[in-house]
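Chain lettering (A, B, C, D, E and F) follows the sequence in which the chains are written, and residue indices restart at 1 in each chain.
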Amino acid sequence: MTPCKRVEIIIDEPLLRRVLAVLDDVGAPGHTVYRNLTGSGNRGTRRGDELTGVFNNCCVVVACEERMAMELAEALRPVLKRSGGMCLISDALWLRH
Amino acid sequence: MELGLFLTNITAPPVLFFFLGAAAALVRSDLEIPQAIARFLSLYLLLAIGFKGGVALAESTWSLTMLASLIAAIVLASTIPILAFFLLRRRIGTADAAGIAATYGSVSAVTFITATAYLDLLQIPWSGHLVAALALMESPAIVIGILLFRLYGPRDTAVALQWRELLRDAFLNGSVFLILGSLLIGWISGPAGMDQLAPFTTHIFTGMLCLFLLDMGILAARRLEELRRSGAMLVGFALLFPMFCALLGTGVAWLLGLSEGDTLMLAILAASASYIAVPAALRLTLPEANPSIYVPMSLALTFPFNIVFGIPLYHQIIQWL
Amino acid sequence: MELGLFLTNITAPPVLFFFLGAAAALVRSDLEIPQAIARFLSLYLLLAIGFKGGVALAESTWSLTMLASLIAAIVLASTIPILAFFLLRRRIGTADAAGIAATYGSVSAVTFITATAYLDLLQIPWSGHLVAALALMESPAIVIGILLFRLYGPRDTAVALQWRELLRDAFLNGSVFLILGSLLIGWISGPAGMDQLAPFTTHIFTGMLCLFLLDMGILAARRLEELRRSGAMLVGFALLFPMFCALLGTGVAWLLGLSEGDTLMLAILAASASYIAVPAALRLTLPEANPSIYVPMSLALTFPFNIVFGIPLYHQIIQWL
Amino acid sequence: MELGLFLTNITAPPVLFFFLGAAAALVRSDLEIPQAIARFLSLYLLLAIGFKGGVALAESTWSLTMLASLIAAIVLASTIPILAFFLLRRRIGTADAAGIAATYGSVSAVTFITATAYLDLLQIPWSGHLVAALALMESPAIVIGILLFRLYGPRDTAVALQWRELLRDAFLNGSVFLILGSLLIGWISGPAGMDQLAPFTTHIFTGMLCLFLLDMGILAARRLEELRRSGAMLVGFALLFPMFCALLGTGVAWLLGLSEGDTLMLAILAASASYIAVPAALRLTLPEANPSIYVPMSLALTFPFNIVFGIPLYHQIIQWL
Amino acid sequence: MTPCKRVEIIIDEPLLRRVLAVLDDVGAPGHTVYRNLTGSGNRGTRRGDELTGVFNNCCVVVACEERMAMELAEALRPVLKRSGGMCLISDALWLRH
Amino acid sequence: MTPCKRVEIIIDEPLLRRVLAVLDDVGAPGHTVYRNLTGSGNRGTRRGDELTGVFNNCCVVVACEERMAMELAEALRPVLKRSGGMCLISDALWLRH
């Protein structure tokens, strides 16, 4: 089992493709997406009840090495600054199979 | 306004179901329609109205008025956002003004559909090519809104405009695509196609519309409280600007010599504001605009106003002309 | 019981689809209906039955019997949970007894709807105001169940009863709201409204019911194994108590001089047990009651029993009277 | 091929909606149908076609040809995967060859349904028992594919074959179960049942098929790019092998002396490839086979080929015989 | 990037509004909700197949300072005790944008 | 609050029942399942748009003691090796109620 970083990004669902583009740019080894989330933060309540998903959140989880996690965080900062969202990074062990 | 048209409108089942949904949300009932179902209903309505319009087109003869009204529709959809933007810009900032401009320049398919149900009830004919007008009016305002923000917004907007993405989101978004496509299919397959699809696209149509408006009532009423933060000025805008646009649309239709039904449809297209195509596109291309401002205005004020009062009111005005 | 009514009932497509769903779950097929679709179907059924009842009301003349049967319905829905509670309390503890009391005091809209399909098949008329009775019978048992738990339950229940929340969950829950609202809309729009909505609310109704009962069959059969933990006493209760309630309902209907169809509907309302409104409300207001007890009893025993055997059985008994 | 049949086919609304969906995906529109809705539509189609077939069975008299064609169907469904496996095994490895064998040995209900819509349009009759053939042909190829992999695959496959699980996944999967069950229900309830369900299972059928094919168009076109990685050989296989199977099916039907409609249906069953039952079962029992190979072949090539060109082409060939 | 606690609460979906009320009380800066979960624990299997969501679980994630996390945990304890559920707390870094 | 391990397993939705069988075998005290996920990894993009869920991922979260987490990891290894997927293990505190 290898130590790694678990990066967790919460963002508006319409902006998902922008985050995935950032992941591509930094060369993330993979990702998992959780959709149809709701929540609340600085920009108020997101009830997720619009027809278009414009008030839905989604969560992208990326497991990667520390160095890439930092790079990813920097690349995400402007996206999050412009349109809100949250990014958490924590430690994990990755089961190599 | 005479009471007759108004009563005809608000006692029609679709409008009553809208009230029921709004009431459910206001008393905080847990009545709720799953998001997947709401999307299904909206896809159904777009498909059905597009197909119906296409079959009507196949049955009608081409005329210059048709072409003229399509062009007029595009002109309306490009002028209205510019008016809205300059009305609001100084008061609420460039980003939100651009967002509202895009919202009110574009159109609401469900408002259009509710108006067709109203006309069908009164047995007043309307033309299939207005469905094409509906589709053509959805996109221009999005592009114009973005451009206005780029021209008048803060200089330091670091991120370059991604034209390709913008145009795709504006002109190829799902609802435009589905209406235009279904219109084409209706046109190709004509009355023979209608024979096959009528039970699906026509017979159960009003019922599906009822269910969808029930959901719209819930969504609209839930957003009412967000309006408090927007202030009286925007509330006034959301109620008065559509009326002004309806007059604009009526005037244009009058110049073109459109029929009673078609005039009402053009007026309602001008008066309606988007809450589906526009927010989806703006979140990507204009994240600076706050969706908690433009969505509640369009969904919780303009939409109910139009389907409850607007349709019979504009109709009354047209009858007076 | 004569075989005729029983055969009529179990060879009707809706009941056959219920069997099919149950069979799928029992052989562990992966046949499954998405939750969003099941909710859609149940919303549809409530809307359609409410609307139908409302139109029927608009077409009927008011009478004292009508009012009397609505009052009788409320009395039944308030008496039955009290009986159930005192029958069970000593054996299974106060919380679960209160949960089961609320479940069996309330009603199942789908059982009611299946009974209407049965009567329609036999062309026996029933009255629209019984849809109002259905809606009125959903809520009282919830409040009574909670009150019984508060009165007879452990003294140290620290959490104060939130009356506002309780009453809202009981009386404004989605299914009550939708039935009553659709009833009202049907009533307002009357036969003219029915002309518009009949293809949606009436023509495709049996088909939608089939699809929904397919899902109910799956859900019911899946819960069967949970019953093993509940013990024979509760299994017996889930099969015998409904019969007793049906007799109670029949007796009341007989006193009021209701028609054959209406008597059966009142009997089935009394006999049926809730698995939608009640569990949702109880999870919040009575979390001490174990849903793995009251939901399987209602869904996996009482519901199938009623729609397969109960309807023709109660009908037979009524015919003998 | 004469243009007539081909034109009849591609101007039918269902096929046009398939094109619309494919176009939406190709221009990257955000048009999308929620997964729950797609599942609902597919459940609906299976239920409706099964029920229809069952009612047809109830109305027809039993004959030896019927039995013979059911046996022929099973033989076809068992032979085709073996042919496919040995054709491909040396070129792409045992696991993927077994996956493709299972896929092409099994059948596609939607292709079958589209063919019935085509025949109904031309008013050519076909027999209800072919719906049973459809259901019987879904499963055998799954078992045969797995067995071929076990026989010819790597010796060291540590994991023991779980027969119980395999047989359940193959023979009791949701779509087989729903078709056979609905067939049985249609058979039991007969024309009387059809009277009750016709608006649901027949009248709105073509419309629901249109909506579903819209989604299939989106899904198929999205998978097109994955084909590039599969190479020209597999692309050729996905287009030519179905034609070969159609000829096989036609030959068998000719030997049995089936009618024009029934021959086409058997040909299309042989030619079609599964993308629902098989992938679901294979992920569990043959995870070594890459679904990004067999799903795109079946969904993005064989399925469109069959519904656009195949149906009229095979029909033409049958008319020439 | 600021160190924070990631609080993860699994609870019956009908009880979500009660948890959100607790979050309001302690003044949590935001939250994200995952719905339509299934699972199993002390109270048996929750298949999530009921019409009402009464057998569905949901997950509420809150990122906050350590002190608030502890406060939140204490405020949640009686809710979880009464109706079951699970609460996990772990360390994370919060990307400030 | 008790220290524990948070095991997070991403796997194809059709394979969920196999993972749940493994959890049963090692005697995990409970689990939570997130469905309808999409993602990408070594085996390419999983868009989750198939009718059958065959291109959907799901996530199983298990909170348990360290020893059981290690046992679980070993038991999962052959499943993940055969059909792909990801497993992360991290530290958490479990609120005992």
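Here is the rule we use: contacts are C-beta pairs under 8 Å (C-beta built on N, C-alpha and C of every residue); 3 or more make two chains touch, one makes a residue touch a chain.
In this text the structure is predicted, and so the values were computed from the model without any measurement.
Chemist: Using the touch definition up top, find the fewest steps from chain B to chain F.
Modeler: 2
Chemist: Which chains contact both chain D and chain E?
Modeler: For chain D paired with chain E, the chains in contact with each are C, F, in label order.
Chemist: Based on mean C-alpha positions, I'd like to know which chain lies farthest from chain E.
Modeler: D
Chemist: Examine where the copies chain C and chain D touch and state whether the two sides share over half of their residue numbers (same) or under half (different).
Modeler: different
Chemist: Which chain's mean C-alpha position is the greatest distance from chain F's?
Modeler: B
Chemist: Using mean C-alpha positions as chain centres, tell me how far chain E is from chain F in Å, no decimals.
Modeler: Here chain E and chain F have centroids separated by 19 Å.
Chemist: Taking each chain's centre as the mean of its CA atoms, how far is chain B from chain D in angstrom?
Modeler: 40
Chemist: For chain A versus chain B, what separation do you get between their C-alpha means, in angstrom?
Modeler: 34
Chemist: Using the touch definition from the top, which residues of chain E touch two or more other chains?
Modeler: Within chain E, residues 34, 36, 90-91 contact more than one other chain.
Chemist: What positions in chain D touch 2 or more of the other chains?
Modeler: 34-37, 39-40, 199, 203-204, 280 - these are the residues of chain D that touch more than one other chain.
Chemist: Where do chains touch, given as pairs?
Modeler: A-B, A-E, A-F, B-C, B-D, C-D, C-E, D-F, E-F
Chemist: In the complex of these two chains, what residues of chain E are touching chain C?
Modeler: 12, 14-15, 17-18, 36, 43-44, 47-55, 78, 82-84
Chemist: Enumerate the contact residues on chain E facing chain F in the complex.
Modeler: These residues of chain E touch chain F: 8, 10, 34, 36-42, 57, 59, 73, 76-77, 80-81, 85-91.
Chemist: Which part of chain B faces chain D closely enough to touch in the complex?
Modeler: 34-37, 39-40, 43-44, 47, 51, 168-169, 172-174, 177-178, 181-182, 184-185, 188-189, 193, 196-197, 199-201, 203-204, 280
Chemist: In their complex, what parts of chain E are in touch with chain A?
Modeler: So the residues of chain E in touch with chain A come to 1, 4, 6, 29-36, 63, 90-95, 97.
Chemist: Give the list of chain B residues in touch with chain C in this complex.
Modeler: So the residues of chain B touching chain C come out as 11-13, 16-17, 20, 23-24, 27-37, 40, 121, 199, 203-204, 206-208, 210-211, 214.
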